[in-house]
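Structure provided below as structure tokens; questions to follow.
Letters are used for the chains, namely A, B, C, D and E, taken in the order the chains are written, and counting of residues starts over at 1 for each.
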Amino acid sequence: MSHLLPWLTILLCIAMLVAAIIAIRGLSSPIAILAAGLVSLLASVLFLILASPDVAMTEAAIGSGLTTFLFFFILGRVRSSENDGGPA
Amino acid sequence: MNALTIFAIGLGTAFLLGLLGERQKSLGYMLTLAALTFMSAVSASWLVVFAATGADSFDIFTAGTAPPFAINLRMGLIEAALTLLINLTGLFAAMHMGDALLRLGQRAMAVLIIAIMALCGIVLTRDIFNLFVFFELIVIATAGLVLLSDDDSALAAGFKYLIVSQFISALLLVGIIFAYHATGTLNIDGMAEAAAAIDPSVSGAFAIAFFLMFIAVVAELKPFPANGWALDMYEAAHPGFSAVFSAASGTAALYAVDKLLQIGGTDWLPVATGIGIVTFVGANLLALPQTNDRRLLGYSSIAQTGLILTVLGQQDIFGDDYFFIAGGLLFAHALAKAGLYWLSALVAGRTLPDWAALQSRPLLVFAFISCVAMLSGLPPFPSFYAKWELAHLLVAEGRSGLLALILFGALVEAGYLFRWFGYLIKRATPAESIACPAHQLLPIAAAVLGGWALGFVWGELSSSYFGRTNLLLTLPLFFALTFLLLDWLPAWVKNTLAIGGMVAFFSLTYAEYDPLRLIFAVIFLIGGAVTLLASYHAHGRRIGFYPAAMLMYAGMIMLIRASDSFGFFAAWELLTVGSYFLILRGKHSEPHALSYIVFSLGGAFLILAGFALAASAVPPAPTFEIAQLADLVQPVAPWVFLLLALGFMTKTAAIGVHIWLPGAHAEAETDVSPMVSGILLKAGLYGLFVLLMNMGKQSLYGVELTYVMLWIGAITALLGNLMAIFQEDAKRLLAYSSIGQMGYALFGLALMNHLGWLMALMFVINHYIYKSMLFLSVGGVAKRTGTREMFKMGGLITLMPLSFIATLIGIIAVSGVPPLSGFGGRWIFYNAILTADARLPMVLIFLSGPIAFLYLFRLIHTIFLGQLKDEHRRLKEAPFWIILPQMIYVALLMVVAVVPGMVLRHVDAYISQFFPDGALNWEGSTITSQFGYWNPVAIMIIVGVIFMLLFGWLLFVNRRAQKVKQFNFVFSAERPFRPETTHFAWNFFAPYRKAMGFLVQPFVTRFWAAVTDLLHTAADITRRLYNGNGQTYAFHFLLFVVAVFTFRMGM
Amino acid sequence: MDFDWMKIPYAFLTVFIVVNYGFLMTALIQKIGARVGRRYGIPIWQNYLDMIKNYGLRSSITHGAMFYLGPVFRLSGGVGLLLFVPSIYGSYMFSNLSFAGDLILALYFVFFGTLGMALGAAESGHPHAAIGITRGLSQVSMAELPFGLAVFSVALQYQTLSVTDIVAAQQGGMLTWTLFTNPLAVSAAMLSFLGSMMRPPFDVVIAPQEIPIGPPTEYHSSYLALMQTNRVIFPVAKIVIYMNLFFGGATSWPEFFLKVFLIYMWSAFVGVVFPRFRVEQSIRWFLVWAVPLGVLSIMVV
Amino acid sequence: MAYIAMATGFLLVLIGFYGALTQRNLLRMIVAFTIADSGVNIVIVAIGYMRGRTAPILDATVSAAEAVQRIIDPVPQALVLTAIVIGVGITALMLAYAYRLYERKHTLDIAKLTDLQG
Amino acid sequence: MIKRAVALVLLLMLGGIFATLMLGYTPDSELNLTARYYAERTAADLGAANIVTAIVVTYRGLDTLGEVTVLFLSASIVGLVLASNRRPALRVRTPVGELLTTGARFLVPLILLLGVYVFVNGHLTPGGGFQGGAIIASGVLLLLLADPLRHFSHHVIATVESLAGLFYVAIGLAGLFLAGGFLDNRLWPIGTLGELFSAGAIPLIYSLIGLKVGAEFSSMLASLSETEEL
């Protein structure tokens, strides 16, 4: 399996770059945020490959988990006040 | 107490505050203050330990393992001092922001404590990554603390700050990890050794890694092109917090850059200097057109940080003076900025003139001016000593170009700061008066007292290290500052004290002076005392008059007593500042006082550069004696001469740098004008005397510098007098006449022969006497008639006879008509030019002689003779106390006229040691030179006898003369009905204006106006750089990174 | 200068001679001017009549102290100027009170009279007086410049500031006069001489029609008499200086009278020919013509 | 292996910066910053990676004695831990600011928040 | 359009810098100075199995302390920023889906257990205070999603957070006075490698951090949700 590793990393990196580009140029905000979450998830897998489990766990839990949620929370807040005429 | 307790207490209190409920806000506030006091106490105790024992710094380990493998903190003298500054700023800021903190609750207090703790962390930690963590802490805390301000644009400012910080932290992280990879350790000292070990040829990895780290930390210092975000912070944040932001976080970031520079080694120093000097000059320039006070303070603090960064960049040549200089500038900047920001909280309006509200509180005005003085590096403060050493070391290393930039920036900064002070003192006070609760006054008082205390400390340091005199301990300055405390006394008490003090000081020290200095001492002290007599006429307390006057006199007497260049320069700046405050007291004197201070400081900086250049040429002795100017060698000597001469000539208002004099002398108060015009100009002359005495003739590129001075003197004499003719305002006329007379004296000096100097000295004496007299008499008339416009006066001879007599005697003396002392000056002048080699400039002096007579006649004709106006019919004589000094001067003039030898005999002998040939010999009452002799007594008798004979003859014939009033005459066969129509005064010398008007076009004023406009437009163009958009600020930052990189790689 | 008392009566004698000579000469010059204009002109003794009339007037008014002192200043200026310069070279009697450094004293003593006159006239409050003073001061100040330059170049030439020494240096016959040894200086001086003699080209100061006799408008009776005597003494005294400096001085009275008359004729002669200059024209005229000559004379000597 | 990871890390940082510089919407800008942060984290970890070595955990497979030859460099991992958490802290703060700015100024467009100038 | 072009040019230049940085990078075959020290000495000195945790908690303890303060700060500032427009939560919300409520009721205890396990075994297995705290926070988040009306008493979260912080600082100080230095873990016997109660104070510190991080994240989420309005 170890000889497969370089190919796996390359594939992973390409996926990450594509996700990053989507996050930047993405049309709507939710898609961008999801793409960022994906980047973070793929990054945690990459960390595993680079033999650092601690970082992988942190990245997974905080990086993709909490950050993405924070974004959606704020996006929700902005969206909701947008369509009902915004806060007083 | 271990330094780590700062962190423990800081965090402990922060977390504890989390426990307290909503209701115990005041308890939380008390806790915050207690914590901050404790942290200051810890660093204070360390400071005392290090200052007392002088032990060198030691490391504190964490996690029980040696540094490269764990984080260590270093506590030394510098760290203790810096942390103390940070903690105290934090404590006072907390005190100052009390209401805001209480409004926002414990969380804000916790954020503040953690911010201060993190700043101490930055100073103490020796680990790179730890530095990164503390920087991030600061970023978050600053963004949080910005919310304290009630200004709603603070949010946008905070967001911009976060955007740029994201960029900075990304670069810093990449830099750190690659540096770790290259050196194998995260400890700064470890990294420094490893970096030294890496051979620079491998310029790749480590150099770029270090570059990224360096540029990120320098970006924290808000360098010029990339600091839009910082300015918004300064403008929008709560002033209490802005004080912390500029003083404390600036200090911490600077020390972080210093630590980084240890790693980078010497070839990164020029980069730091480059960024620093660009920031210093750029920020100062941009501060010029600012109207918002906090944004101006923002620019000024960025500029000062830039200056200190430049000093950091030059640390390789400073050796062990490095901390003295950097520390002096840093502490002066921190205290001054904190003080000013806290003051800005008291003032409601945000534009500069709104600060006029402070006028009602003299103590706050004193606080403001101490902070401004600290920033612009004026004598008693630490930045003055630092600036002196900085100049000397820079020039010693041949980096005078850098010094020129620094001095230019400092001049611009002094310009806009004193302009602001002018607004504060002179502008109309806005409606809402300032409310200053105790908890906001205490921090300001602390900052100001800290400044003065540090001034004393730096004085002690400079006297122990460099053998300079500690300024605060010199008797004259001490005497002047005591008047600050006595300012609540009534004016006449202070006046008596002042006169007594000056006369006593003179009687104590007159034996020490050689004849030349004796004359100047007599004029400064005894002359000053006589002029002060006129100040008895003012009643009430005259807040601020006596400290300023005494400061000026102290500066002048210290100038004479100074034997080394430092004492001389300090005295020079003291008298400049003292006279500035005096001039500023006039009703409409604000713009003129500003041009005066800017020109004088420009001149002072030239003198500083001159002394630095001179000191660099002479083998480095602790103090550079003035006499050593004599043995300067060729390549340096003419430049030193040029710089010093220019500096002194700004003070004697030679043509080209004279535009400040008319306004300053005319707009000053009645009794200030004689002081400033009669006495202060002599300080410039004394400087020139010292310069020429020591350096004699110098030539630069084949041009004889003294010959150039000869021409400048001649042109000044001619144009000064010519401009005086066309003035409508009496005091302006006398001011221009001072320029003319100074031109005469400069001419005499530049003749470089025995009689030339004697003439100049004769001038010094004469000019003091009659100029003070004329200014006093005109002042007295102006006080009575309420106006200075000559065409509004007229016919006052009957109402104010004593003033008339004084002015008449003054006129005869000034124009050089035989019986009086003026003729003596002319006689020596003739003998001098007969022996002098250069002849062409004489033509201008010949012409300016009669012209002097013209404007004097205009003065006496339009004021005392001619028609008396109706509204002046019931005027009384000028107040007694203004007349008395005039009568003393009249008597003095008579004495000097009849017995000039009494004064000049010793001086003649003294000058002969410089110019042996051409000495006069005095025996009895006749004075003979190689061309002829002059017997003042005989002339006086002959003229007197002829005069009395004819007067008796006329009296005899006109025994029954019928007295007729002024108005009773026939004019083209009619009796005039209005006195105004027949008083010929307006545009008195119209024909002269038609004939010679072209000479008097204000070329010089237009030139200087063009210079200032250039600076302002340049600043306005570059100001558009900051368009308020956070993203553009990010662009600026990246551009800055790339630019510095190409600059570094290019070098 | 040891002050011996015998000089006082001799000084009075000199003043007496010069006053009488002045009265006669000015009347004569005016008569010549009239004859040129084909008029009969005034009798020679006219000046004496005016004097007697003025002193005889019973009514005399004064506008105040300075007005009173104006004529006194004026006359003492004229007499002083005369006495400080040796009239007759070589004779102890008529070397008056001159002493070594009197050249500069003479140069500046001219202003003493002008200052006094100006102050006195200004006190009178009459606008004509004031306008006259402005014109007089402006014109005289510019006129003095070439004269000062000439004097300076002469002093440089003879390396002395004493008039007697200068005259002594010129005693070697006609050719040793400064006129020939230093022509530039003399020409500058003579041009400036015109300016200070209040003769037609430069008499805008007392412009008879515009501002009736300028400064002394308000003066009459004994004050005017004093001024009249000065109007006589002052030109002679000034000419004495010119004579001593530039034309070899006078060794005897007849030579003195002849030279003074001729120099006075020079200003009268020019006066008759040229129209009156305005003040700025005269200033510019001096600047363009007289001053360059003076500067050249300094550079050349 | 390490090169690939590092290259992607740098590319991610550049993409993140590009996004931050060009996006006008505040939220999208913060998203770009998170991507830049992840990029930096990847670079840091990639630095510590050594070929053919395992994670720095001493357990059955890797005994304390032979740890020196078997494990990769633990220090970058410790740094990344802190960097990630700091990144999150700042992102949370920026989001809160963005929300408050939106609430106060009703716009999320950076170009409109330019009331402090000059 | 120019802005994009300038941005591209700038980033190309920055990319250039990064490229030269990368080219200069050569992965070293041997552990460098510090890494070798950690590899050899961690087991013997601190008795912690997970070297990364040892570094994070003890060797670079100050970093972590700073780290925790960063979180504490951002939590309180987010609270400050969003606190100003707190509205009484008297709103009626459409009832949350059945699946979510029951699932939440079942999952939340499991998630909390996992979180606790992660930060208790920090010194043995990968993971530790931060990861555990994050997991607990996600548990709290799930609760919030399931029952938005539940009003978390801020006071409870704040006390947990502050107490954890205080204890952490107390342990640090104790380390200063009792053991070798500030935050030194040799307060207690380091026990045998791999045991639960080994590596001195590391487990205690890490669990305190876990609690604190969990509390901070949940307070952040709570203040976010508080501002929820219709």
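For this structure, a couple of remarks:
Note that contacts are C-beta pairs under 8 Å (C-beta built on N, C-alpha and C of every residue); 3 or more make two chains touch, one makes a residue touch a chain.
What you see is a predicted model, and the numbers here were worked out from it, not measured in a lab.
For chain pairs A-D and A-E, the one joined by more C-beta pairs in contact is A-D. The chain with its C-alpha centre at the largest distance from the centre of chain E is C. Chain centres here are C-alpha means, and the one lying farthest from chain B is A.
Centre-to-centre separation of chain A and chain B, using mean CA positions: 59 Å. Mean C-alpha position of chain B lies 55 Å from that of chain E. Our note on geometry: chain A versus chain C, Cα centroid distance of 108 Å, whole angstroms. Chain contacts: chain B has residues 129, 133, 136, 140, 143-144, 174, 178, 181, 186, 1031, 1035, 1038 touching two or more partner chains. Looking at chain D, one finds that residues 2, 7, 13, 16-18, 21, 47, 49, 55, 57, 75-77, 81-82, 84-86, 89-90, 92-93, 97-100, 103 touch two or more other chains. Contact of a single residue of chain A with at least two other chains is seen at positions 52-54, 58, 62, 66, 70, 74, 77, 81, 87. Inter-chain contacts occur between A-D, A-E, B-C, B-D, B-E, D-E. Within the complex, the chain B residues that touch chain E are 2, 4, 7-8, 11-12, 14-19, 21, 60-65, 68-71, 104-105, 107-108, 110-111, 114, 118, 121, 125, 127, 129-130, 133-134, 136-137, 140-141, 143-144, 147, 174, 178, 181, 184-186, 202, 204-205, 208-209, 211-212, 1031, 1035, 1038-1039, 1041-1042, 1045. Per the touch definition, chain E reaches chain B in the complex via residues 3, 6-7, 10-11, 13-14, 17-18, 20-21, 23-25, 28, 32-35, 37-38, 41, 45, 58-63, 65-67, 69-70, 72-74, 76-77, 79-81, 155, 158-159, 161-163, 165-166, 169, 172-173, 175-176, 179-186. Listed in rising order, the residues of chain D touching chain B in the complex are 13, 16-17, 20-21, 24, 26, 29, 33, 36-37, 40, 43-44, 47, 75-76, 79, 82-83, 86, 89-90, 93-94, 97-98, 100-101, 104-105, 110-111, 113-118.
Chain C contributes residues 1, 3, 55, 58-66, 68-69, 71-73, 75-76, 79-80, 83-84, 97, 99-105, 108-109, 111-112, 115, 118-119, 122-128, 130-131, 133-135, 137-138, 140-142, 144-145, 148-149, 152, 155-156, 159-162, 218, 221-223, 225-226, 278-280, 283-284, 287, 291, 294-295, 298-299 to its touches with chain B in the complex.
On the side of chain A, the complex with chain E involves touching residues 52-54, 56-58, 61-62, 65-66, 69-70, 73-74, 77, 80-81, 84, 87.
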